[in-house]
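Below are the structure tokens for one structure; questions will follow.
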């Protein structure tokens, strides 16, 4: 019942049917030895994208790897006339598929299936939006920042990484009028420590009436900590989860997140269709996938 | 016994131990929609190569395809000082591995194992050498022509293809002082018909005492026809066979050719170690692999 | 050109079906595939009751394949009938329901319930799931149990009955034979191969369930062999699957003896595969002058052997 | 760091062996590998007499794997002893001979002959080759036959005896168990999976023998599972193989329960793999503070289960 209800809700949010774009790599920009931004030409797909949605990228036409890899859409790309021509992803090299994307050269064609999944709730009407990003968890916040800017919602980004050289694309967020708060675990830039340190302080210093909404994306431990802070300070919070995904379409049931049911129990929800964005309060955080 | 004897002979001919060169692609020259020449930097491997030998090329670092692919060495490449710096292959796109090679871009690194197999018998002392090539069977004759030129042996190339646009690199052979006789099945260039048509005529017009030796490489049917002509006209003939090869090193027993034994019987010989070059008279031509 | 095939009393538009567990309950793919164009939609395995499934990680990728141990998370047969069937019917899908049980009674009860449901075209009897301890594969690895469960369900339903065989046995064709004797209208194979993968850094299994089922192109050559063996032995149709990812793979299974095929893992990789498979099969038929796709079934030509 | 492992009375320098049929008679690789650095060289399967083998095509590539139906072309045990053993001895190789027979008498006779040959370190009893009609797999798919052939060969030789098991059975661990009871010093597994591939354009089998054995990375997850099952059941060492292509794969098999491993198909792809595997294993041991490689065997850590 619960599943059905939320899926019905979903359909209302997700009118766009996914397409499989035979996307040309327009550019690949290396940000470090591990991180890069890959830009794809895919006008129809990109035009339909909403912040928080993802694409399933086929990193190899062969069998290594066999399955597609999920990536948040990072930027929506426009030509000089402002027409949407494609999108980019922020990719971190961690294994075989992300390595192929890291090495992708302009001109290559890559099959990208999307847009997929449930986006962030519309930020219109929000008093103030705080985004919390760890590592590649930055990705969904570029388009969200655009949308917030268009809606005139004050926006802030808490952005953490291991070290200063892994904080990327800050100018892009500053250009969008985002107030950026940085934290690094080794203290080389911004606050020393996890991104939740400045977040906790700022949450604590706001009156409960100030209407702050939280959006988080990053490592599981960070999401859990942000969810905890949101609960403690009584803030609405949405988190974008990153589970291993076999299909991205609801077909395989691999990508599950344990969520609460209205009846007080819990169930496994497919994060590719009911997520990747969930209300933090809906997730049963005790359980932790490997 | 027979196997042992011929292997002992082999060792005498093959002093070079195979190496696995992490070869950089220096250039890839497309000759047509299907054919290309790929040049590799691999000085040690190239220096050891003898005409008729082959390399096992790992066309993908992943599992698609899993096994290496055998290729005749086409050219020995030299720098401006005449130092051997690498080799090239003449590649026809027929399937997954050859397609990857067709698409190989300069700078890529490709693992090449070689030199492997038994080369053509030394041509020194031969009165006149006639090479017979069909399609990519042209490949081993570039280095053989060089060797023949160095030894001052008169040399001739009968070269056939389906159509005129699939006859490649003629200038290279003409520069080496090779007399080139062409044939195409559709008659668009050279003699109309199979390459064995001009070959049979020329063989027939030579006195038996004229000391012509034949070398052939190409499709199985062509090899068989050339072997038949060699027998009919009493010429020594060596053929370079192209069997499916799993390892190229004698390990898997996949690449067998049926050869005669001294005792009058026959046996399967591994073409990667006892060949790919065989005396045409040693092969039992009746049996035909798919 | 006639792509239709016959599975017992059931006529399918074409031989292409989604494999159970790889296509959700069908509606998940309604936006990208016109469900009515598939030979059949085989839905995710259903137990009588809802099941939570195993904790993640539930899948792991392996060379040219994947392991899964979903644990048959599912909504149970009642919710399926209520919530999913109306939509599937509305889309014109030919629905085959994959049914699972831990006891023979559970199998027969699900079969009885589904027999009365409009739009259920056939039942696929899952006696081969490697991911649950109770039931499932324990039926499928034992000839006596296979006979019992197939016979019992046969009595419980008039619907076409398709036992799905496990490849984790010495002689799969003997299971096909027993299923035929027990009244099956067809058999489908293969389900996944029991397998495991270990993270050597942590020395832990990569799946929460320790073991899972291997699917994908990696298993295709074994699956083709098994389909060939079964099709030679039994007279009922064989539905082949295991690693199909192209029209050539569809044809390979049919030539080996399959009347129809299912596609699982490849649908994850490319949910738009269905049109490509169909047009690839059509193109082949055109090229080879084949009028009816069913003519292809079991036409393997072994040099030196007489054609069956 | 101690890489040595013990297989019965036999001490091996390290756990890395060539798989039978994938390394010729050993000397083929002497130019690229110092044979004395391998744990053991397992040579190509030998019958008593010479065998011509099957006509080509003998191999075909499949996704992340290959099929072979070589048909055990071979020089027979007598020529092997005369022509190959002296060279192998001279190179300091630890030689394990893979023996095949069509009758129990043939197995025992080969075993007797090899027992007197200097430098033969152990016998691997091939009761699992899918590529010959007579003998081979017919012994390996039947528990009674397995017991008989292992017992008989056990009586015929004092050499360490290693039956090689086929994966084409429902429960491979029961075969390991029977082999142990019949006096085996170790078991090795897996041999190849019976499989086939069809050229859809000609509708003919791609192998002259119609069926062949699947090897390579594709089968690894199934092989790891089988090694795990056997190692849990028997006390004798298990030698694991099937798709090993990296040091991580070696470690995966050992953690699953293997005392040593064999590498087949990957040696075709990279004959220089041996040094890479050894240094990879050493690097892992360094990183994890492991002094003896044998400590790794069977250390799979299943959350919630007690460590064996």
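Order of writing sets the labels: A, B, C and D. Residues in every chain begin at 1.
Throughout what follows, contacts are C-beta pairs under 8 Å (C-beta built on N, C-alpha and C of every residue); 3 or more make two chains touch, one makes a residue touch a chain.
All values reported here derive from a predicted model rather than from experimental measurement.
Enquirer: Keeping to the contact definition above, tell me which chains border both chain A and chain D.
Expert: B, C
Enquirer: If you average the Cα atoms per chain, which one ends up farthest from chain B?
Expert: A
Enquirer: Using CA atom averages as chain centres, what separation in Å is found between chain B and chain D?
Expert: Comparing mean C-alpha positions, chain D is 35 Å from chain B.
Enquirer: List the centre-to-centre spacing of chain A and chain B in whole Å, with centres computed as mean CA coordinates.
Expert: The mean C-alpha positions of chain A and chain B differ by 55 Å.
Enquirer: Taking the mean of the CA coordinates per chain, how far is chain B from chain C in Å?
Expert: Once rounded, the distance between the two centres reads 48 Å.
Enquirer: Distance from the CA centroid of chain C to that of chain D, rounded to the nearest Å?
Expert: 33
Enquirer: For chain C, which residues are shared contacts with two or more other chains?
Expert: In chain C, the residues touching two or more other chains are 63-65, 204, 216-217.
Enquirer: For chain A, write out the residues touching at least two other chains, lowest number first.
Expert: Residues 63-64 of chain A each touch two or more of the other chains.
Enquirer: For the complex, which residues does chain B have touching chain A?
Expert: For this pair, the touching residues of chain B are 60, 62-64, 96, 105.
Enquirer: What part of chain D is in contact with chain B in the complex they form?
Expert: It comes out as residues 21-24, 28-29, 31-32, 44, 52-53, 55-59, 61, 63-66, 68, 70, 73, 75, 83, 204, 206, 208, 216-218, 265, 267-272.
Enquirer: For a test of understanding, state which residues of chain C touch chain D in their complex under the given definition.
Expert: Residues in contact with chain D: 62-65, 67, 141, 168-170, 193-198, 200, 202-205, 210-211, 214, 216-222, 224-225, 228, 243, 248, 251-252, 255-256, 284, 299-303.
Enquirer: Considering only the defined contacts, which chain B positions touch chain D in the complex?
Expert: Contacts found on chain B: 3-4, 17-18, 20, 58, 63-68, 111, 113, 243-244, 246-247, 249-256, 267-268, 273, 287, 289-290.
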